[in-house]
Amino acid sequence: MMLLRTWMIMWKEFRQIARDPRMLAVVVALPTFMILLYGYAINLDVRAVRMAVYDQSRSPQSRELVNAFARSGYFRVIAYPGNDREVTALLDGGRARMVLIIPARFARRLADGETAPVQVLMDGADSTTASTALGYAADILQQYSSHVALEAARRAGLTAPATGQPVENRARYWYNPELRSNHFTIPGLIAVILMMLAALLTSVTVVRERERGTIEGLLASPVRPLELMLGKLAPYVLIAFGDVLLVMAVSAVVFHVPLVGSPALVLALAGIFVIAALGIGLLISTVAPTQQVAMVAAVMATQLPTVLLSGFIFPISSMPQAVQLLTALIPATHFIRILRGIFLKGNTLAILWQPALVLAVIAVAMVLLSANRFRRTL
Amino acid sequence: MTRTRGEAAVTISGLVKTFGRFTAVDQISLTVGRGEIFGFLGANGAGKSTTIRMLCGILAPTAGSGTVAGLDIVRETEQIKTRIGYMSQRFSLYDDLTVTENIEFFGEIYGVYGARLARRTAWILAMANLRERQDSLTGELAMGWKQRLALGCAMVHEPEMLFLDEPTAGVDPASRRRFWELIYAAAEQGVTIFVTTHYMDEAEHCDRLALMHRGRIIALGTPAELKDGYMAGTLLEVRAEPVMAALERLSSLPAVREVALFGSALHAVVGGPDEADDVRAALDAAGIRVERLAPARPSLDDVFVALIEQAERGA
Amino acid sequence: MTDIAIEIQGLRKTYGELVALAGLSLAVARGEVFALLGPDGAGKTTTMRLLAGILAPSGGSARVLGLDVFRQAEGLKRRIGYMPQRFALYGDLTVAENLRFFASIYGVPRAERLAREAELLEFSRLGPFRDRLAMYLSGGMKQKLALACTLMHSPEVLFLDEPTAGVDPVSRREFWRILYRLAGQGVTLFLSTPYMDEAERCARVAMLDRGGLALCGTPGELKAGLRGAILEVIAEPPREAKARLAALPGVRDVHIFGERLHVWLETPDAEATVAAALDGLTLIALRRIAPGLEDVFNALAAGEGEA
């Protein structure tokens, strides 16, 4: 192992990178563009769901209930259908996502102290939004019924506390009190972007030498595979680390994602993560036949599993057992755990040592595997 | 080929091409006759390819004018393309198509169909001696075969003029020789050939040559004219042992303007024949055994080098 | 020194069913200038790559400087230089940066590197271009730079795969001057070339054909070994003369060399029939000449059919 050779390969790569303006554009523009695009596009918050109201009661009470929906901000009343056919048409055409049907005897039943059923029809095609909206609707209805019960009791001359519900659920959300989905998705997004970018950066480095024929000179020289791999990796570690700072800055400035925990810890673990990602790119580069194949492979091998299986959007706990095991092999799974832990909960290494260790193992394994897969002959 | 013989196939007058501040082609003028094999020589970057591209209508000249097959190279580029064939150094064949498929593909893009295409395909396979390999994938062919196929594809539409840009680069001597026989055959049928090459032995095959250097034509004539008329001074052929010592000694003599290995002999350029004795004396004095030392007719290689060194000194 | 620099025994390389090299055996002495000739696909590049240790053989053995090319590659690589056929330098590095890079990966110490760099830049006349990106060099300059990079670690044996292919005559001369200087310093040169005039300069040449050794010896031996005789004919029009002579019995082959024809006769006494066959054409010259290597090469190619 000769440090000088590794150093020279790194020196050469740096000069080549510095002379490639397209590379600089990719390194700066791509992550910025991606985090802005995804940050705005992937918004799991539910706001202003289009709803229609089929009010058969046409009473002050029914109007009060509809107002409660409108006031919440989660719903926007866009139509008042007059019959079942119109209701169906609204849902079928996608103009309304939800329909609230208030039966004719709604007001009378309330007045009689009976339970007054209402019906909520939900377009379940987008199940995530549907279940969230349904949750909000249930809350509003619950509050309204408490309010009605309270009113009735007061009219009956009783004091309020005595007639309250026996148990009151006062759930509080920790770490992300407003349940802003941004605060949840942006850390994941940082992992997704860094993963893809880093793998992309290194994916062409070895195969490019093969394509240009410069590999012949390297193979004929005493350079060893591990020296070559480390020399090629090093400059990109620095570049990818610059991208870590870039995406962190954008997420703080543009999306106001608060960082509760230690910034130093985030950066240190992000460093390990990008080495793992760069290592995957390097491995692809040693086996890919052409630069194009390498780049497509790098995007495919990182983007899909990272988005689908890392817990970025879809919770790992609801995946089949076998798939859950698979997710452990994806570096982003561990890094997202780390990021959410530090960003939202202020976790320290005492809690996060496990995913950090897994990342380090993956990083070392990738580099060694690349050196091993690198053929010393043509 | 309806045009009358004797008409010029190419005329160029004051042709200039600049890229930014760089002048790639600097005021060149020449005429190539119909059926002529015209060789275009020069180092890389001398302006050969730029000139060919302007003649083929791919690149617009900065100044000057020219005609190819009687058509204007600025205004009638589309018509020119249908009348000429172009073969580049890279051959531009499709490796994953068979020999016949390549011919058919190029035929169709040049508007050769049906019975004519079948006739041309048969002709090309026979001409290039590719019949037994007609269903092979082009990628599996040796360089020499590919080169002949590329020539065939460039001729599928029966062009009256062929532009060949270093057609023999990277091909072994035997294949190069065979290739030149095909060029002769085409020229005999009246096709004008405009060819660039680095090989001086190939330059000898041409009817006329132009030597380009830094965008200018510094010599123009038949190979014999170039060898007899362009060389300033006298060329001495020296056979001596050890060759290396002789080369070093000759390089250091002020009377010797240029010395180089030629095969296993040395070629030295001196001011005149009477300086031969001084050269021999100098070698003898250095203890070098001279087997032969006599004036010789320069080769094209010698002329090429001498002209370029002359141009460099003048510049 | 008279010991052996390169020794090859039954070297084989196959790619599936394709035999690139079918058991080649050769020996090259230290300090010798040795050329490998042959048609494309004869196995020249394969041989070069095997000897440079960048290709694994399918069989046979090769020793360079007494070391096994395939088992002792690491120790050997520092002592040999290899210049591939394709330009294998970094176009996006400058001349000086390329030199520095190759010196460093061969572990050349800094002081030695700087001295060597100055020497080689002077040697190759690349000094004025030291800060130019390699991709902007002319073809001839690229080849000289590639050679200089190969020489930074002062190799004892140099493998050059068609180093002057596609290079203009001026650069080719300069290149050969450098090679001869190296030979004078005792470096063993093992090269392949498409130019027969270059082959004439080498101490010994080997002609490969279809992965095997067809001929090997000094240029003089090879030329002397050509059966029959070569006639040089200058006649007008040359193509008509060629057509007539090619059809003549006793004539094995006719080649055009510019304005001259080289007629390969099976037996020397066929000379008279040649003159007779040219009756009616303008005969400018007809004489027996000593064959060149090109004639030997052509004879070999003709004897073996299509290349």
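The letters A, B and C name the chains in turn, as written, and every chain counts its residues from 1.
We adopt the following convention: a residue touches a chain if its C-beta (ideal position, glycine included) is under 8 Å from a C-beta of that chain, and two chains touch if they have at least 3 such contacts.
As the structure is a computational prediction, the values presented were derived from the model and not from experiment.
The chains touching chain B as well as chain C do not exist; no chain touches both. Each chain gets a centre from the mean of its Cα atoms; the one farthest from the centre of chain C is A. Rounded to a whole number, the gap between the C-alpha centres of chain B and chain C is 22 angstrom.
Averaged Cα coordinates give chain A a centre that lies 61 Å from the centre of chain C.
If you average the CA atoms of chain A and of chain B, the two centres end up 63 Å from each other.
Those residues of chain A in touch with two or more other chains do not exist in this structure.
Shared interface positions of chain B, i.e. residues touching 2 or more other chains, are not present.
The residues of chain C never reach two or more other chains; the list is empty.
Across the complex, chain B is touched by residues 38-42, 138-140, 165-171, 173, 176-177, 180-181, 183-184, 194-197, 200-201, 219, 239, 255-259, 292, 294, 297-298, 301, 306-307 of chain C.
Within the complex, the chain B residues that touch chain C are 42-45, 129, 142-144, 166, 169-175, 177, 180-181, 184, 188, 198-201, 204-205, 223-224, 243-244, 247, 260-264, 301, 304-305, 308-309.
Touching chain A in their complex are the following residues of chain C: 49, 52-56, 74, 77-78, 80-82, 84, 86-93, 97, 100-102, 104-107, 133, 149. The part of chain A that touches chain C in the complex is made up of residues 2, 4-5, 7-9, 11-12, 15-16, 19-20, 212-223, 376-378.
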